[in-house]
Each structure stands twice: as structure tokens, then as C-alpha cells.
Amino acid sequence: MTLSNAQRAHILVEALPYIQKYNNKIVVVKYGGAAMTEEHLKKDVMRDIVLMSSIGMKVVLVHGGGPEITGMLNKIGKKTEFVNGLRVTDRETADIVQMVLCGRINKNLVSMLQSYGGKAIGICGHDGSLIKARKISEQLGFVGEITDINKSVIEDLLEKGYIPVISTVGCDDDMNTYNINADTASSAIASALNAECLISMTDTPGLLSDKNDQKSLISKISVSDASRLIREGAIEGGMIPKVQCCIEAVRRGVKRVFIIDGRIPHSILIETLTDEGIGTMFA
Amino acid sequence: MTLSNAQRAHILVEALPYIQKYNNKIVVVKYGGAAMTEEHLKKDVMRDIVLMSSIGMKVVLVHGGGPEITGMLNKIGKKTEFVNGLRVTDRETADIVQMVLCGRINKNLVSMLQSYGGKAIGICGHDGSLIKARKISEQLGFVGEITDINKSVIEDLLEKGYIPVISTVGCDDDMNTYNINADTASSAIASALNAECLISMTDTPGLLSDKNDQKSLISKISVSDASRLIREGAIEGGMIPKVQCCIEAVRRGVKRVFIIDGRIPHSILIETLTDEGIGTMFA
Amino acid sequence: MTLSNAQRAHILVEALPYIQKYNNKIVVVKYGGAAMTEEHLKKDVMRDIVLMSSIGMKVVLVHGGGPEITGMLNKIGKKTEFVNGLRVTDRETADIVQMVLCGRINKNLVSMLQSYGGKAIGICGHDGSLIKARKISEQLGFVGEITDINKSVIEDLLEKGYIPVISTVGCDDDMNTYNINADTASSAIASALNAECLISMTDTPGLLSDKNDQKSLISKISVSDASRLIREGAIEGGMIPKVQCCIEAVRRGVKRVFIIDGRIPHSILIETLTDEGIGTMFA
Amino acid sequence: MTLSNAQRAHILVEALPYIQKYNNKIVVVKYGGAAMTEEHLKKDVMRDIVLMSSIGMKVVLVHGGGPEITGMLNKIGKKTEFVNGLRVTDRETADIVQMVLCGRINKNLVSMLQSYGGKAIGICGHDGSLIKARKISEQLGFVGEITDINKSVIEDLLEKGYIPVISTVGCDDDMNTYNINADTASSAIASALNAECLISMTDTPGLLSDKNDQKSLISKISVSDASRLIREGAIEGGMIPKVQCCIEAVRRGVKRVFIIDGRIPHSILIETLTDEGIGTMFA
Amino acid sequence: MTLSNAQRAHILVEALPYIQKYNNKIVVVKYGGAAMTEEHLKKDVMRDIVLMSSIGMKVVLVHGGGPEITGMLNKIGKKTEFVNGLRVTDRETADIVQMVLCGRINKNLVSMLQSYGGKAIGICGHDGSLIKARKISEQLGFVGEITDINKSVIEDLLEKGYIPVISTVGCDDDMNTYNINADTASSAIASALNAECLISMTDTPGLLSDKNDQKSLISKISVSDASRLIREGAIEGGMIPKVQCCIEAVRRGVKRVFIIDGRIPHSILIETLTDEGIGTMFA
Amino acid sequence: MTLSNAQRAHILVEALPYIQKYNNKIVVVKYGGAAMTEEHLKKDVMRDIVLMSSIGMKVVLVHGGGPEITGMLNKIGKKTEFVNGLRVTDRETADIVQMVLCGRINKNLVSMLQSYGGKAIGICGHDGSLIKARKISEQLGFVGEITDINKSVIEDLLEKGYIPVISTVGCDDDMNTYNINADTASSAIASALNAECLISMTDTPGLLSDKNDQKSLISKISVSDASRLIREGAIEGGMIPKVQCCIEAVRRGVKRVFIIDGRIPHSILIETLTDEGIGTMFA
């Protein structure tokens, strides 16, 4: 792409209404999927986040970390069982989850944000007791459901100008660690913060009206229609909980909730700073 | 220009280091020439200013208004004399200057900035006694030289998030009005504010090493070299006072001082947000 | 008047309860009539305003400018038509109105306030989009009715210690300029600010119970009685809209609304700082 | 005095430059003598103080209380001895001094200031350890000399908008109470606060060039001339320590130091708010 | 008691939950009885107060002063009459009450708090018109009932980090002084401040279920049960008004109200910083 | 230990001067050794930290994590080499160090502090680029020496009331991770923060005058004497770098620097809140 600087400037100016729309507003980004595993996408996302922060958005980055956790469990020869797609999480496993999420992935993201000129702090559910949790069932062990979000930690960091980077590990009063689903956590955090916007990065184009046709993207859907599609089986598998988190966020007051395709470079920027809605918006 | 949104996003990201460089910094723009008289350029500049403000720069807009003043003087049939290129300014003329600058040009600029989503207040040297002045000579009447800049007015407006738009009319303790050269005023204001940057918009490409060759642009020049060029006659005519204002600003601590070509659309943005230096920088 | 300083001091002390009553309260002054056209009255009013500001009132000065506008229109040979006493205002006329109000009258008032030691900034409806307006009718052109008051501009200036001086020019989203009646504007501004007091300066003693007897001043009147007097024709001509603005201000929560005689030197001070009510108070 | 309200208003306006001069400045008033014992003078002073506070001065009132202390000592039949004009102060006497100063005089002044609409708090050297002291000599007992002024107590009260009323009782680390000379204390307090002005109320017109001629008032004197007058014996008796306190205050940076005649009604106001200097100013 | 420092540290740590419970909360202490007359108890209480302040509680100390007032009245030979146990308070008596409370007891407490490293200011009902009052009956003279608490004085001092020490003298708009019951005043002050806790120090163990058995302490009682005990005569004499003040405080929103035994060293600390409730708590 | 609550209260009061001494002061604790590996000591330290924070100290906790890092390296079968007692740290090892320090140890400490009622956030050198570092030598790999401390991250957290818990991992501009010695880091952090106090927890009683006699503790030593002891060989082995860090901290302005015996329960509290100095103080 060989553009003159005048053309570049023109493009910047075209972003102005979008910049104004999100100025000083909280935008929660659920980061995951290919955007997290492919190095060039990861770099793009981190630069996008720093840009959004630099032009006045209050970005909160929430991440999980499936593959790296599995890698570490394999490395130390820890076998884990799955029940209904959820990893049975004994104390040792929960420790590994915490260590990989909070010590490796989280701090590496912080490091990358800082290297692009951002100002970031990495926290998890233990810091300021951000995410209080309890067991979903005895069988699953330390797989947690959220009982409370102590949002003041995030607000304190935003007020001081930091990008909070959040590992979705939960805590309780007995110093236990819980593995929390990142979609659920980002939805709960966005709701607690009364965020302007929740963006969930996935490895799909968004909601499809025909699941066999990647071109049948639904640009905008009401929460009632989305609920109906789940009931009718039009949405299935791993998309069901993701969509439910989006519905929940809308119901609890988040103004704009998007599922976008993290495989497309700069998809968050395209969604927030151009006239193109590249994924599905819930309203 | 048909660009995908991904390409647009990429261009935004490329601006990141420049956005970070000027974040929360004061940028004084001396507005004038073709950029002020040609409607499409004017609109571009105003949108550029709003964009710069939206992404965190503290922009101060300083303007003069030669042609419109002349137009109004003609309209009311007021004849004026020139001495060494300076308009002899009797009290009636000074009143017309004030009226046109502060009442027409200034408020129209404010109106345009507001319509693009900016937050602007238009002031002149009387407001908060911003520009104190005295006569240069009895012969020239109310042509003023600056005796003091009361910068707190500007700082108060910047602190509250406004773009100050400044008409270069001066005041004294006896309620007189002075016509102040806008280049001089913008240089004095930038110095008083300890600005990061002063950008002077002209109708030339910048300083030329060969005045007959528009392509011989000097990208960067030291203040001693610039002084030498004036002494040697390489800089001449109307450019001499402009260059002297730039030299003065550098000497009084403004970090970056530019003369740029206001005839090029988005020239301020190109100068501040891309890797291209389109005019001449004084250092 | 030859008074000893002890007598002077005594008089200052007598003003104490009034000073305390208005301390830190917003007082909107609608400035106009003889107080604006006669030089010695003008100087008195400006010194009164600076005094009121110096002893802790938050004064907001609102002005129109009939005669000077007419003078300028005549000077450039612009003919204007009147319909029901309202000037038909085409775009060129609106431009002249804005230029004279915002560029001449407004800045001259600011200059005078500053010369008496006050701290003033002159703004109009364009600044911070303070007065949003629309056409009253197509026939009248850019004669505006107010659709919104963005009071934060005034609040920001008051918070920083300035006396806001306001030209009653209105704006819309398309950069048009509207001529706004100054009585209406001052009433709307006082209401929006939840002002303690609105003082309207006129060239009459106040409301008269017998319009042929200048001595028949009504010191205090209820809004219902005032409305009745209008219906019964006891109030007539130019006083009708003035009185209606006062009634409207009381109804929208302004605590004290006065019509006072601007032809009397220091009438504002007498009204606010002595036990004499010199005009008519609406309650 | 039958003045029209217009005349009253005019007089208020004439005070404007003085109001502006002292706006937000610290003025320490040493209160004593006839102004404290004669009821109508006392009321005048308290109203003056409230006025000064209401129009923006930061007034600090410092008082002693000779006659009332003697009265109470007599009442309880306590005999006291004098050495070189200083009361020998045993522990019981010191207790009485504290009780009368801090419990009677101080709180009565506060009560009067409050009843005139002022906002006052009465403190002494114990509060926040404002005045640290030690014995001048064993012989004199608890007659103290100041070792330190902890000015933050006063600054805290001024910041919150109170008029601090100060009894000149000193403290040490062993919970002793000291009788401190009020002239010395007010000079030390004004110096510590870097006050704009110290006004010492006395029962004389000020410094006289001829001590037998009450008309020979010296309006303004340099500290070196004042020192010389003391050395030469032109100043004598109780005026010596008062003048020394004034000299000391000027030397330690207080901008304007006055001795005024407290027997004249409103003498403080006349000194601060009119063009008449009624006492002696040290410079 | 010979404890190792490790044991001491352990005891400090055991206080942690109590420290956290009262952190940044307002605790009003009604000080009186033996704790005020016995020197070693007085010192203990003052050190306790400083400790409580140092570890983050916002302590407000309210005191009366019966015995010392009587002592002073005797000393000056002033006879006073009692009606229904209330001292008939003529103006002279009221003056003595004010003088002893505000000038002696109050400042001595402040002095002691300061000597232990606390930061205290002593005030009474006149300061900032804290306690507005009127006569209970003409017969009793200046015995006052509270009409208003101007809590901003206390809030201002707490905000600046001071321990307010309050003499329960009341004021009115005519500069009268009222003797106010200290139990009533502390209850009204705690209610006005929305205090976390009101602690009333008495010379009894608390409420007894059997008034002849000092061991029959009621640890916790509801306000309805306490009211019933008064009606049934189980509470009698001087305890009735004390208990009524406690009931009133609970009803007006004070969270924890205690009557404790001031004769026990450190009883306030034991109540607030250990697991032992040593008096009676009203809930 | 059976103590009455009165005795407990007395002990609390005895801590008062120490509480006052450290009120609002920064205390950096280097946490390590037995206090970190033995569970009951760990719990004691965490409760001590929460107590110190609750009573007004600004505690900063800095930790390393030797044994747990070795454990994890063994678990994944990673062999590491040592050169001069320093672990050769390749990129994979550095990743493990970061993961264990920041993900396990750090968050577990935060969790424990939170469970005792503290308010903590766990960060490392990447967060806000707190610890900038570079390689000591190519041979040692990612063993870092500190090039800069960006203290604003810590100050921001302290200002918001958090206990910052810091893993001593360093960063550079290329997203590398460095293993930083915790003694060095805590000394550099204490210096950068201009801390009141640095406490280094070790598994020794402190400095010994006779290294074979555990009773020969040196309570206080000057930095010059400490330097001499190193030169003379009286201090040896692992104590040398610890002592050098203490010397460095004193030289760079930390007021009190201690080496204390972390094996003694509550040793930090004993050092800061009692009259016993249990370790060695550098001055």
C-alpha cells in the first residue's frame, strides 16, 4: 500500500467521529483464540490496544489461556480429566493454571503493551480480591463461578492511566484459586464497570444465519433473537456460552457488545474506529 | 482511494508513536494564508485541529485576518495608509480590526470547531488581559508590540479541555486596542506557554535553499544558519519576520518550531502524525 | 459629599449583611439601555460589576447591542426590514450582528472590566455551543429562539474566577449564527444556572401601577399579578416581553428577579448591597 | 449622616482598589486596649473583622486580656507580684490566665463574630501546639518566650474559611501553660505566616515625633529610624516593646506593619479600605 | 507483666480485625466521671484516644465538667440553687461554666493529647456555632436544650486530621452562653455526624439486670428492652438520662452505642480493640 | 499467655510512639529465607504486613523465590548451570523464573494479604516497566542488573491504598525478562522511593562481631564500619552482597536500614513497633 501522507492524514481524520464516540469510555476486550496464539496477530492486537488507550479510551484487557495451560500440564506430566468439556481442576492443576495465566501470559502481554509505549499493569482475581468465586460442583474441583466483582481495583488503575490486564483466576476467603471461564469473567467485569463496550474476540466471523455459510454473517441481533437462535439450535457448541455472555452483558447495561473475528488483523480497531461493523453486534 | 478497513486500521496504528509523542503537550498553531481563505482547506484544518485535540494534544489556535479586515475597511469606505508595509492604524481602524478579528473570524472558527465535535472558546488580547501591548511608534498609531503575555487565561481554558482560539488584538491599561502581528503573537504565546511545538502555516513550501526552486526545501535548519541566511539575503520579503519569529521561539525554549505549507491539505497532521517532515523545522 | 473615613467605613459595614447574602451566589445581569449607551453610566456599571465580583459574587454579564448594530448596518449601507418589531435578519445581517456584538461591544466591555481590575472573558453562543438556537420563522431569517443552553462553559469560567461576558448570538449544528433577544437569553441563562438573582437593566423605573405616573413604582409583584397586568393591558409595548422573561425566570427557579432603572448610577449595587429596592422585584 | 443609596454605592465602589489589594491575603490583627474594653468599640471591631473576612481577606485575630485577668485574680483573692512590669506567674496564676483568656475572652469574641455572620474558631497555643514556649526566667515563673510557632493549625483553619481567634497562651512538652505577651505573639505569628499585613491596635494615635503633641503623628517610618528613636529615648514606656515587635515583623518579611489607634471607630477598616493611613506604618 | 517482644507483637496482631473495623470511622467518646477526675485514669484515656487516632479512627472527644465548675463557683463565693437536680444558671454562672469548661478543662485535655503526640483542637458550641441552643425554662436560666448541631466544624477538623475536643457549651444568635448536658450533646453530635460508634464513659459497669449486683452486667440490650427497663423502674436515677441518650443515638442511626466503665484503665481500648465487650452495648 | 484485656490494651498503648514514628512513611520489606518457606512464619509475616498497613505505614513487599524456582525447573527436567553462585539463565529458564515468581509466589502472597483484610496488588518489573534491566554478562544470560526504577507505579498503588507486592523480574525494551537479585532490587526500590526504612529478612540474627558466636550481634553499625568488616573478611559468603545492599541504601538516603532474623515470629513488628532492636541497624 503506497499512500501519500496526505492520504494517511485523511484517513486519520475519518476516524474522528469514532474517536470522539469512545473518548473516556470503558472498553472491555476479551482476548483469546488465534489472536493470542499467532504471533503477528498478537502484536497487532497489542498495538491496537495501546492506540485505543493513547487516543482516550479506557481499555480493559481480559484474557484466558487454554493452550499454554495444557502445554505446561503436559510438560510436568500432569494428567487431567474432562467432564462435559470442563477440565477437572484439582489443587495442583489450579496452581498450574494460576502460574501460567498470571505469571507467563499476563506478564508477557503487559511487557508487550509497555514495549509499544502503553502503560499497563497485570492483575488477577486475587489482586484486591477482584474476582470472588466458589466451586461450581465438587466434581469439577476448583472450576469457579463468580460470586462478586470488586471493581474498585480496575477503577483505581484506570484512574491512574493504566491498561489493566486481567487473568481470569478467582479467589475466595480461604486463599483458594479458581479457574474462571474468560468469557464469563469479561462479561461480568464489563457489567460491573458499566462499560460502554464489550468486544469478544473469537475465531469465527461472528454469528451466522447459516452455520455452513461463512458469508451469512448477522451484523446486528437483538438479545431476544439471539436467545431464540440458541433455543432453536441455530447456535451450537462453543458459541453458545459466548453468546450467552454477550446477552448477559447487554441485559446488565453494557451499551455495545460485539463478537468479532480475531483472525482478521486489527479487527478491534476496525470495529471501534471505522464505519464497518465486522462482527456481530448485540443490542 | 479505495482502502479496506484493515488498511485504514493499519494506518491509524502507524500514527501511534506520533500520537504518544505529542500526548498532553501544548501545540501552538499559527493559522493564516490560503488555509484560511480557501474554504475546503479551512474545513480540513479545523477537522485536523479537532482530531489533534481529541487524541490528547493541547492545541492553541492563533489567527490574524488580513484580507477580511481590508474587505471591511473598503466596505465602510475607510482609507488606510501603509508605512514600510505596516498599516497605519488610527483608532477607527483599530476598532474595525478588533471587530472583524474577534467578532467574525474568531467566532466563525470556534463555530466550525464546535460543529466538528471540538470544544472551543474564542478569546483575544483583552480577555484576561492576555496580550498587553504598546505602540511601536506614534506614526503607525495602534500597531502594537507585545509587552506581556498573561498566559494563565490560556492555561485555564486548556485545563478545562477547551481549544483556545486567539485573535491577535492587544490591550493596555487604558482600554486601547492594538493590531498585533499574528506571527509575533503566536511566537510569544508559544514561548510563554513553554509549548512543545509551534507550527506556522504559510503559503510557501518552507525555507528554500534556492528561492527560485520550490523543490529546494530545507527540511531542518539551525537557528544560527537561519540567522545567517537572513543576513546574507537568501531569505527575503515577508519570510524574514516569519523566520525571525521561529528563531525567537526556539531561543525561548519551544522544542519544535515548523514552517509548513498551508496550501497542502492536512499539512498540520502530516507534520505531527506521520514520519514525513513536510516543511522546515528550526532547531 | 465630604465624608470622613470613619463615615465611609461605617457605610462599608452597613453593606455586610448584603455582601453575606450574595456571597458565592450567581447573579446574572442583563445589561442594556442607557446604561450601555451613556459613557459615564457604562463606567459605573463596569466598576459595580468588578466590585460585586471582588466581594465574592459570581457575576454573569449578558448584553445585546441594538444601536451599534443599526449604526454598522447603516455604515455599510445595508437596508433591513422589520416585521412586528423584529428585524428581518438575512445571512449578511446576521454576520454583521455577530461581528458588532462579539467583536466590538463584548470585547470593549471585557476591556473595561479588566482595566478596573476585574478578570473577564467575553464569549457568545458559539463558544462551547453555549446557546443552541433555531429559526423562529422562515420569514424572519436568522432571528433565533433558544433550544438549549450548554451551561458548562459558564460554570467552567466562573470556577476559574472569571466574569463571563456573554453576547446573545446563537448557534446550530450547521454553523449558522442567530440573533437572539438579550432579555430571553439572560432569563434562559439564569434559569439554566439556577442563579440566585437575575437583574434586568431597563430605561424605566420598573413596573408602574399607573403607567402615566413615574412615581407609581410597584416594589414587589407576584408572577400571577404580573401575568394579570399583561392580560389587562396595564403593561404594554416593550415592557411585555421583558416582564415575561422575568416571570419565566421566577417559574424556572431563579430566587430573586428584578427590573431596575439603569439610568440611575450604581443601580445594581443599590439593589444588591443596600436596604433599598430601587426597582420591581418578581416573586 | 443622611446619604442616598447612590452615595452609599459610590462609597463602596471607592473601596474597590483596597478590596483588590488585600484579596486572599493574610492580615493579622493584634486586638487590645480600649477597643477591647469599650463595648461599642468591640462591636465595631468584630463587625469590621467579619466584613474584611467576607470580602476575601484572611484575617487572624490575636488577643491578650490584661484587665479581665486582673479582675478574676482579685475575685478569687489571688495576690500577684510584679517584677519590671511583668506579673510573676506561678502555676495557679497561669491556670487563671489560661482560663480567662481561652475560656472567657476568646470564646466571647468567637461568639460575637459568629453573631455578625462570621465563621470563627477560637484557639490558643495548646491547640495543635501552635505556640511553643519556655520560661524567660525562673523568677517570673510561667511568663513565656516563644520558641516555635506551628503555623499549620492557622493555615488549616484559614483554608477551611474560618477566622482563627488566638489566645496568646503558650505550651511546652510537659503540659505547662505560659502567659505570652500578645504583641510578641502577633508579631511572631504574622512572621511565621508570611502575612501581607500586621495591624497592632493601641490606645495612641501611633508614633509621635513630639510625644507631647498628639497631632505630631508619624505616618510612615523606616525600621532603622524607628530603632534610632528608641535608642534616643523618643519612644518610651509601653510603646517600646510594641515598636520592637513591629520592627521585628518587618525584618522577618511582613509587607505592611501598622500601629493604629483602636479608640477610633472602624480604625482597621479605615487603614485597610480607604486612602487614609490613620496610624504609623513601618517599612 | 514481663512479656517478650514477640508476645507483644502477637498481641498487636490480635487487635488487627478491630483496627480494620474502625478504620476511618467516626467514634464519639463522651468523657466524664472518675476517668476525668483521677489523674492516672485521665492519662490513660488521653493516650488511648491518641492511639485510636493514630491507627486511623476519627475520634471526637466530648466532655462536661461538673466538679471543677462547682469548685470555681465556690472559689468566687457564688451560691447556686438546684431545681430537680439541675443547677439554676444565671448569666454570671453561665460565664463561669463557659470559662472553666472551655478555658481550663478543654485546653488541658488538648494539651495532654498534644503531649502524647496527638493533634487536637479544643472547641465549644460557639465555635462555628457548633451547638445552637435555647432555654429549657425561664426558671433554670441558661440551662440549654439543643436546637441544632452545625456539624461542618467537626467535619472540617477531622478532615484536617485533628481530634476535636468539645466543651458542651451552647450558643444562640444573641451571644448567650448555655450550659448543655454532656450526655445529650454527645448523643446529638454522634447522630449528626452519622458516627459509627458512641462510647459513654460512666462510673458504673454498665446496665445491670439486678441493680444490687454489680456482676449482673447486661452485655447487649435492644432499645426496646432498654426503654422497658426505664418504664419498669429497673433503671433509675442518673442512669435514666444516660440510657435515654444512648437509645436516642441508636434510633438516629449511630451503629454501635456503648456505656462503659470509665474506672477501668483503658476501657475504651478494651471495648474497641479487643474481643471483650466490657460494658453494655445498645442495638 | 493469659493476659487480661487491660494488659492487652496497655501493650497496644506502649506501641504508640512507634506507630507515630512510621505513620504515613514508606517501609520496604525484603521478604525471603525461612520466613518464606515455613508456613507459620509466612502467615505471621503477612499478618504483620497487614497490621503495619492498617495502622498507617506504606508497606512495599519485595520478594525473590529461590527454592520454588529450583523445584519447578526440576519438575520440568530443566538442567541449569551455576557460575560463581549465579544461575546461568537461558530464555527458557528466565520464562520459568518469571512464571513461578509472578504467577505463583507473588499471587499467593497477595491472596494471603487479602485474606487477612489487607488490600494488595502483585506486580513485577514488567508492570509499568518498574524495573528496567540489562544483562550482567553474556555468559550468565538473562541475569539482570538494574538500569532504572520507574517508581511511579509503586507510588500510584500506594496513593490508592494498596500494598504493592513486587516480584524482582526485570524488563527491557525488547520484551526480555531478567532474573534480578531480590536484595539488590529492594535496595534500589527503597532508594528510588526515598523510603523511611528498609528491612531485609534473613536467616541470621544480623551482623555478628564474632561469626562463631550467635550471641555477638552488632545492634547498630555505621556504613564505614560495615565496609571495613567486609574488607577485613569478618563478613563473608552470602552476607556480603546483603550487607552491600544495606550500605548502598543508606548512602542513597534511606533513613533506617535493618537486617533482621526472619526466623523469629513477628520480627518485623518487633523491629518497627517495640523498643527492641532485634537485628542490625545500618546508619
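In this document, chain identifiers A, B, C, D, E and F correspond to the written order of the chains, with residue numbering beginning at 1 in each.
Note that in this section a contact is a pair of C-beta atoms (placed from the backbone, for glycine too) under 8 Å apart; a residue touches a chain by one contact, two chains touch by 3 or more.
Since we're looking at a predicted model, the values are computed, not measured.
Although chain A and chain B carry the same sequence, what matters here is overlap: shared residue numbers make up over half of all numbers found at their interface.
Rounded to a whole number, the gap between the C-alpha centres of chain A and chain F is 35 angstrom.
Spacing of chain A relative to chain E, judged by their CA centroids, is 55 angstrom. Taken residue by residue, chain A touches two or more other chains at no position, since every residue touches fewer. In terms of inter-chain touching, the protein chains here make up one closed cycle, each touching precisely two others. Chain contact summary for the complex, chain D toward chain C: residues 1, 3, 5-17, 19-20, 23, 44, 47-48, 50-51, 54-56, 116-117, 264-266, 269-270, 273-274, 276, 278.
Interface residues of chain E, counted against chain D in their complex, comprise 75-76, 95, 98-104, 106-108, 110-112, 114-115, 119-124, 126-129, 153, 156, 159-160, 162, 169, 171, 173-175, 177.
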